[in-house]
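Submitted below is the structure of interest, expressed as structure tokens.
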Amino acid sequence: EVRMQLAQANAQELLSKMTEKAFAKCITKPGAALDGSEKSCIAKTMDRYMDAWNVVSRSYMARLQRDQHAAHSH
Amino acid sequence: EVRMQLAQANAQELLSKMTEKAFAKCITKPGAALDGSEKSCIAKTMDRYMDAWNVVSRSYMARLQRDQHAAHSH
Amino acid sequence: EVRMQLAQANAQELLSKMTEKAFAKCITKPGAALDGSEKSCIAKTMDRYMDAWNVVSRSYMARLQRDQHAAHSH
Amino acid sequence: KEVLQALEVEQTKARFQQQVHAFTDMCWDKCVGTPGVKLAGKEETCLMQCVDRFLDTSNFIVNRLEELKRR
Amino acid sequence: KEVLQALEVEQTKARFQQQVHAFTDMCWDKCVGTPGVKLAGKEETCLMQCVDRFLDTSNFIVNRLEELKRR
Amino acid sequence: KEVLQALEVEQTKARFQQQVHAFTDMCWDKCVGTPGVKLAGKEETCLMQCVDRFLDTSNFIVNRLEELKRR
């Protein structure tokens, strides 16, 4: 259950960051309802933000492994 | 006393946000003392920030009630 | 050991702020490695940030002493 | 038991106020320019719609994530 | 008892340093441009006055709130 | 004992993910413009190098502090 709490915390954090970034980028002037172009912008922001999360995650993991390898070889 | 602690936490948070917003908007170049126009700007920022707090509070409450009503009617 | 924990927390916070400020100011477009001008910018940002920390610390301490003095003289 | 109920009411209130602080902070920056002698009508409308559109954005994202998972 | 006193002194120091971190963060952005080989005189003055004017702003707001409540 | 080990693994994962959230937040603002139908190659490279250069900056600062202390 520790694992599930973690997965949930992680999803919650991702959700909150995506909402923050999408709102900042897509809703410059809040109108009477979300219009089509705002929704499309939100969807694209979500997709790109998740792409970015994956790129960063792989990149950071690779770095940690390089650093560990370098430490062992000394 | 739970209630009083809450009221205090709420006032503290409002105070800290207003100070942050007023300082950012009104004191662009910190001088040797607060001058008259800075004080007037701080006072207006306080009043408008409290207005904004009330507008947001009413708007959020109305939204929660609309959402609850929609959930019950389904 | 309370004192050591404190000193460590303080150093940790300073380190994290300096990294944040230096990265924001010096690495506008992250390249394939830190180049010479980026390193020189990071070093200067560190030195100036520590100067600023000292100026702010002295200034805040002087203010607290002035306020205390004013309170006692009333 | 009544004490627990009262406590829960207070906690709900606290969460509500915490949200109001966060929304006011964010919507103030989006909606209010130089503070005048009162909120302009445009600023007030912007503040109200800012809260609603933020919650819409959050709901839109939650729903779309559910949809993406189901596929 | 002396241990408690020493602990309180350390806590006071910790709060002081925490404030210094917060002020430096904020005043750095307001006062310092491109970092040079030393702080310019103008930057140093700005940093000192930034702390004082921030505390003045906070005091002004607290006093005015008290006044508004009394009315 | 195995439970403790498993817990430590989870804590390490949690810290890793927390860092990934912080890096994504910061590097998103530095690297990604208007979101398109996919990440541009330039944006992806920027994101990867953003993580590495941030860690380089942090290491550079730690090493230079050590050096300044030794003098």
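Residue numbering begins at 1 within each chain, and the chains themselves are lettered A, B, C, D, E and F in the order written.
Going forward, a contact is a pair of C-beta atoms (placed from the backbone, for glycine too) under 8 Å apart; a residue touches a chain by one contact, two chains touch by 3 or more.
Note that the coordinates shown come from a computational prediction; the quantities given were computed from them, not determined experimentally.
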| item | value |
| --- | --- |
| Chains contacting each of subunit C and subunit D, listed by label | none |
| Mean-CA-position distance for subunit F and subunit E (Å) | 30 |
| Centroid spacing, where centroids are CA-atom means, of subunit B and subunit D in whole angstrom | 13 |
| Subunit B and subunit E: spacing of chain centres that average the CA atoms, whole Å | 21 |
| Contacts with two or more other chains, residues of subunit F listed in rising order | 27, 31, 50, 52 |
| Category of the chain touch graph - line, ring, star, complete, other | ring |
| Going from subunit C towards subunit F, every chain in order around the ring | C, F, A, D, B, E |
| Subunit D - residues contacting subunit A, complex | 26-27, 30-31, 46, 49-50, 52-54, 56-58, 60-62, 64-65 |
| Contacting residues of subunit B [partner subunit D, same complex] | 2-3, 6, 9-10, 13-14, 17, 21, 25, 41, 44-45, 47-49, 51-53, 55-57, 59-61, 63-64 |
| Interfacial residue positions of subunit E with respect to subunit C in the complex | 6-7, 10, 13-14, 16-21, 23-25, 27-28, 31-32, 34-39, 43-44, 47-48, 50-52, 55 |
| Residues on subunit A engaged by subunit D in the complex (per definition of touch) | 15, 18-19, 22-23, 26-34, 38-39, 42-43, 46 |
